[in-house]
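Input: one structure, supplied below.
Labels run A, B, C and D following the written order; every chain starts at residue 1.
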Amino acid sequence: MKFSRRDLLVWGAGAAAGLVVTPVPWKLLDDTSKWSQNWPWIPQPARGPVQVKQSACTLCPNGCGVKVRMASGWPVGVAGVASHPVTRGALCPLAFGAHQLNWHPDRLRTVRHHGSPASWDDARAAFAKACGEGRVVVIDGYPGRAASAVLEAFAERRGEYRVVRGAETRALTPYEKWSGVPAESFGYDLENASTILSFGAPVLDGWGAPGRFTRLWAERAAGQVDPLMRIIQIESLLSRSAGRAYQWISIRSGSEGILAAGIARVLLQEKLVKTGGPIPEVTLDEAALLTGLDATAIRELARTIVVRGPVIAIANDNNPSVAALNVVLGAVGTRGGVVRRSKTTKVYASADAAIASARAVILDSSVPWNFVPQTDAEVFRFAAWNGSPTKTDWFLPAPGFLEERTDVPTAPTSGVETYALAASLAKAAHKTQSCAEFLVSVDPSLSSAEKIIHTRCAELFHAKRGNLHSREETAVAKIASAQKLEEQLWSGAVWLGEPASGESIRCALKQWPAADAGSPSDWTASWAAPVMPPLASKLYQESGLRESQRRNA
Amino acid sequence: MSSAALADGRWIARGEERVSLPRFLAWLSPWVVVLAIGVYAAGLCLYYGLNQTNMDNRFAFGLWIFLDLGIIALGAGAFFTGFLVYILKRAELRPILNTAVVVGFICYSGAVAILGIDVGQPLRFWFTFWHPNTHSMLTEVTFCITCYLTVLCLEYIPIVLRNRQLRKLPSFLVFEHQLHKLVPVLAGVGTLLSFFHQGSLGGLYGVLRGRPFAFRQGVFIWPSTFFLFILSAIATGPSFLMLVTATVESVTGRRLVSNDVFRRLGLISGVLLGIYVAAKSIDTLIWLNRTSPSEGFAAWQYYIYKPFGTPVLFAEIVLFGLLPAFLLTFRRTAERRGWLLSGAALACCGILMNRFVMTVQTLALPTLPFDEFLRYTPSWQEIASFGGVIAYGVIVYSLSYRYLPLFPKSGGENSHVSGN
Amino acid sequence: MKRFLLMFGLGFVVALLAGWVAFPRVLYVQKQQPLEFRHKTHAEKSGVAECSECHALRDDGAFAGVPAMEKCTSCHADKIGESKAEATLVDTYVKLGHETPWLVYAQQPANVWFSHAIHVKRGGLKCEDCHGKFGESDHAKIYEVNRISGYSRDISGHSMTRLRRAPGDGMTMSDCEGCHRTRHIEVGCLGCHQ
Amino acid sequence: MSARYGMVIDLDRCTGCGSCMVACAAENNVPALPQATARTGLTPMLVRRLSNGLEGNLGREAFIPILCMHCEHETPCVHVCPQQAVEVDAATGIVMQMPQRCLGCRYCMTACPYHARYFNWWDPSWPAGMEKSLNPGVASRMRGVVEKCNLCHARFHAAKEKAAAAGRREIDAADYIPACVEACPTRAIRFGNLADPNDPVAQEAHSANAFRLLARIGTEPKVYYKSDEAWVRSMAEPGEQSGSPVRSADNSRNQSEVQHV
């Protein structure tokens, strides 16, 4: 029989009718929608046990306490440690996305020599050769670590050790000049200060250990905790700190020093302070002219700040006039002022960008990216991330966030000594080496950072000073053995020294410092990485919250 | 020339005069190109997702929603004519009945096609039927439009089956006859459905408590826009039919329907438009003085942003409302083709403008005090798919006109149409 | 007319066959487990009485699922018996310390959050209530995965009609909902989704 | 015994650092897509800048974190969703968005006056390897669906499971703290149960200077704000901030004076 077109149509109709009473159409509808809910090309988080580890953040020298969520061996979240004695659970915005930094596209994955890939052995050989031929300058951005000690020891034999100081430490250098006490052992006793006179310092915007001050301010400006705190922000523009400050005084930019001098003059002339000091040459009217305020305003300001003591002036950077104002206010070496937190007397040579007559310069990964040595020496730079191109012969991939076993000394602005250890929680996806490890591999006679940490813990234990803060607080004296102490530190506990005894510091301040002395330097970052966590930079961009990528040169 | 001479003559209704196939194809080809581009653009949107459009989190609806609301409103002529002819027994409107059905079918299928691209996860369309949220106006819209599109198909099929060749298949003829008996019922059902979704489309925005510019107080369970949309749709539907028919007449250079059909349509359109304008004005006053202030939004706030100043409101109500209402109603203007058609055109512009204001202006205006006024320009993909739908419409209509008996020809072909 | 019916019926039957017989075979891919595992044997030989002895809850209440390698190693450090599976286990996994890449029959998609702790400890459900007599299986059954959705067939259940299902045959959302409805336990979408 | 979780955000304590945004995005596996812009990105928690519009040293600025307000009454998005992808949870009062159910029609986004809903314009993607850093317990979304703040529901799950494992019915409040609240360095964002009269947050929500955005629309948001500065409070309702900002700025100064002394 012949199969006509009509038959085909009818057959099709029958098939269609039949298909409706089979699972085919319905199952397809269901499964395709399920497919759209589980597209295979969309990454999903791994399944597996979740555990929480405690450590200290190493992205900048402030060493905030971090709580790291780990899933199947990888960090999946960062939060603050509420029990941390200094930062008390607060972190800077960048820390919350920091666990993604190690996967940043700009991560340095191989040794690079003049832009082309090289091996670690090449680098080692080149560096050894350089050491044989002349002086080596070792530059450190984060002094005080065991790793720094390694760098220092190496430098003693082969050249010299220099330190790049962050803005917060630089602000303390005048006291170093006047008293001989190294800037690194000064700090601010903010916990007891009552009036904070900030000369352009971003006190509410990531200054010092970001959590420490913002949290103090939040509690005490609201009067929840005594003493009540007032921030007087002296700044040309309405910055974040100025916006939230108790009072914002808008002056011409760069005239902070002049205003400090003006205030000091009023304080001294009107005998508003007990302490004496050299009267600045600048007259009140000159100060008014240069700052853009009027004389009465300056006089008013001087009077208001002494009403509610202790008062402390904080400079944004190395600004001797502001430091001198603190001397006049008697805020140096007193409770609620600039205090000496440690006994160390070692003064480091501060690194200048210009480095002459050296065969090689080696930079630790803690050196801010925007510190670019001006030198014709061979430059070896350790970095975990690759920033904007800079004159460097060797790029050496350093451990990223949470990848390095290191110790975390006291934060630059802290009023109390602290000591913490950061275990390596994340495994590096590729071969990395820290500067210290590299130097030890070049000169095996050096003792490794690991050993130094070990001895430091032993010393801490034998000194029997201070307390260990983990979930609860225990006096060092009560801890069984040095080993126990070290174990606890590795598992995220923090050692906290006794609060600074208000020992007065003699500042030999003969005459008022020249206004232009100690101009702020061109590198500002304490955040060493040239990149920001992708989420942070993205969200800042999308929210328009920060015009430029903050802390990122 | 006689249809027999044409290459596709045997498909064309006996005795109908049609242009030669080449000329017809020449007419189609540009539209086919536009359609092709549209399909390609739509493909991009489906494959890469809606990042192909210029919509964003704040301008979550764009050109497409305006298109949907617009053409569905213009397509209202379909159900309304059916309603007039079958329910109200206005036999004199039969001549444009088929055109109405085709136009309706084009508008609704076009709108549904665009909706298919506009949603982010088209594969999940059936969730709306499986897990419906009965509170949502959009559910109501989806249900009604789907059902009504089916109705339109059922109304369209008999017209298709009346094609000269297809009628040769006996079973089809039988089917067509059966189906045709159904048409009055369908018209009734269609009317009901259409009333609902035209309204729901208005409700869509009227219920947006969070968008004080669109939010309206309720009448019964529906916001006033529900009824305004129905009114405006049935008012302009006939006008659009007039425009379509007139266009076809001018293109083909042939008289298709008698003048009094036009006159009748114009009258219906005009009167309803008048009623609509009155209702709309009252609603606007209530909204400006009661609804909006009660939500904390002063009326002036809506009209300080250019280009959406008060002229827009004026144009919508007077220029595109009152004026065409007069043109369409009064003998002295309505008698003249020119005035009649320009009135119809104005009416159509009016409804499009209203839909534009409801969709686009609503989203452009700020709600939070620290929001800013937003702008948005469609991407070429959006515009292309828009054009694609228009082209699709033209093509389907042209084919229908060429091969199907849309308009009564003296005697013969439209004998079923007049149902005797 | 007869011819009409014949043709129509022909089409109808073909469609039925295609839909009910061929379709399921096409829709699901069959996979072998890496090892032939016998729950039954373990229950009898090693005297494991409770499921929870191997499938335990972690401290934070999360369900550990298929036990990790060390659990196996605690007995199978060296070969027990001569079976081929035994050899593969010891040589390829125990010795090299790799985890066995089990295909998990009851694996829910990433967007589902299910807490064994809540259902077992608070709800007092037995394992069998959802997993059926799985614990008595004496061979590792074929793992079938849906080509389109990528779900294990145990989720949608084995019968295409889903009529007269044994407990544990099927773990779809509607199964969860049914059980919750009968027990009058209300949870929102995010009660079980993430 | 149903809770009503809500927040009070003290705008006088918000320094606009953005910690909440980053913590939120990290917690909820939000990708940092280079192609996303300010208007197409995903920011379930978004800090926006307020200004009293004055120049020079009269200028004042403040920051306001915007997240889903979890409206209690006539929740706009819940009413409009055609397929029940959004619902107000009876037990917690959380407005739940279900990306897996979502059709992507974006009707809810037009309905939300707070612009707290975000559409996935792209498929999520991460630089090679970064998917290892995804937070378990939060499934990543696919393109073409709407998402928003679910009050860190993964943390609520964890708390519930922990409670169940310990044989408790009720969760321990300390176990359930959203990421933004935990992250805020000044504790400006406070989270609690508004239904519990003893909860400090509930009390704060009814304190003198607490307010809600667009309260007059009547959606009863469960996210409250708080400020001593009149000009900041005037940002709650449209048309009100037109009242001379200079004056309000001065008021604010005096008020804080009163507050402090």
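As a convention for this text, a residue touches a chain if its C-beta (ideal position, glycine included) is under 8 Å from a C-beta of that chain, and two chains touch if they have at least 3 such contacts.
This is a predicted model, so every value here is computed, not measured.
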Pair exhibiting more inter-chain C-beta contacts, A-B or A-D: A-D
Geometric centre distance via CA averages, chain B-chain A, whole Å: 63
Rounded Å distance between chain A and chain D, as computed from the means of their C-alpha atoms: 29
Whole-Å gap separating chain A and chain C, where each centre is the average of the chain's CA atoms: 50
Multi-chain contact sites of chain B, meaning residues that touch two or more partners: 121, 124, 127
Multi-partner residues of chain A (at least 2 other chains): 32, 35-37, 44-45, 47, 50
Shared-contact residues (touching 2 or more other chains) in chain D: 37, 41, 48, 85, 100-101, 123, 137-140, 142
Overall pattern in which the protein chains touch one another (line/ring/star/complete/other): other
Chain-to-chain touches, reported pairwise for every pair that qualifies: A-B, A-C, A-D, B-D, C-D
Residues on chain C engaged by chain D in the complex (per definition of touch): 57, 60-62, 110-111, 113, 115, 117-118, 121-122, 186-191, 193-194
Interfacial residue positions of chain D with respect to chain B in the complex: 35, 37, 39-41, 48, 50, 64, 74, 76, 78-85, 101-107, 109-115, 117-123, 142-146, 213-214, 216-219, 234-241
Complex interface listing, chain A residues touching chain C: 7, 10-19, 21-24, 27-28, 30-32, 34-35, 37-38, 40, 44-45, 47, 49-50
Chain D contact footprint on chain A (complex, rising order): 36-37, 39, 41-48, 50, 69, 71, 74-80, 89-94, 96-97, 99-100, 103-105, 204-206, 210-211, 214-215, 217-218, 221-223, 228, 230, 238, 240-241, 243-244, 246, 248-250, 429, 533-546
Complex contacts: residues of chain D adjacent to chain C: 85, 87, 89-91, 94, 96, 98-101, 137-140, 150, 153-154, 157-158, 160-162, 164-167, 169
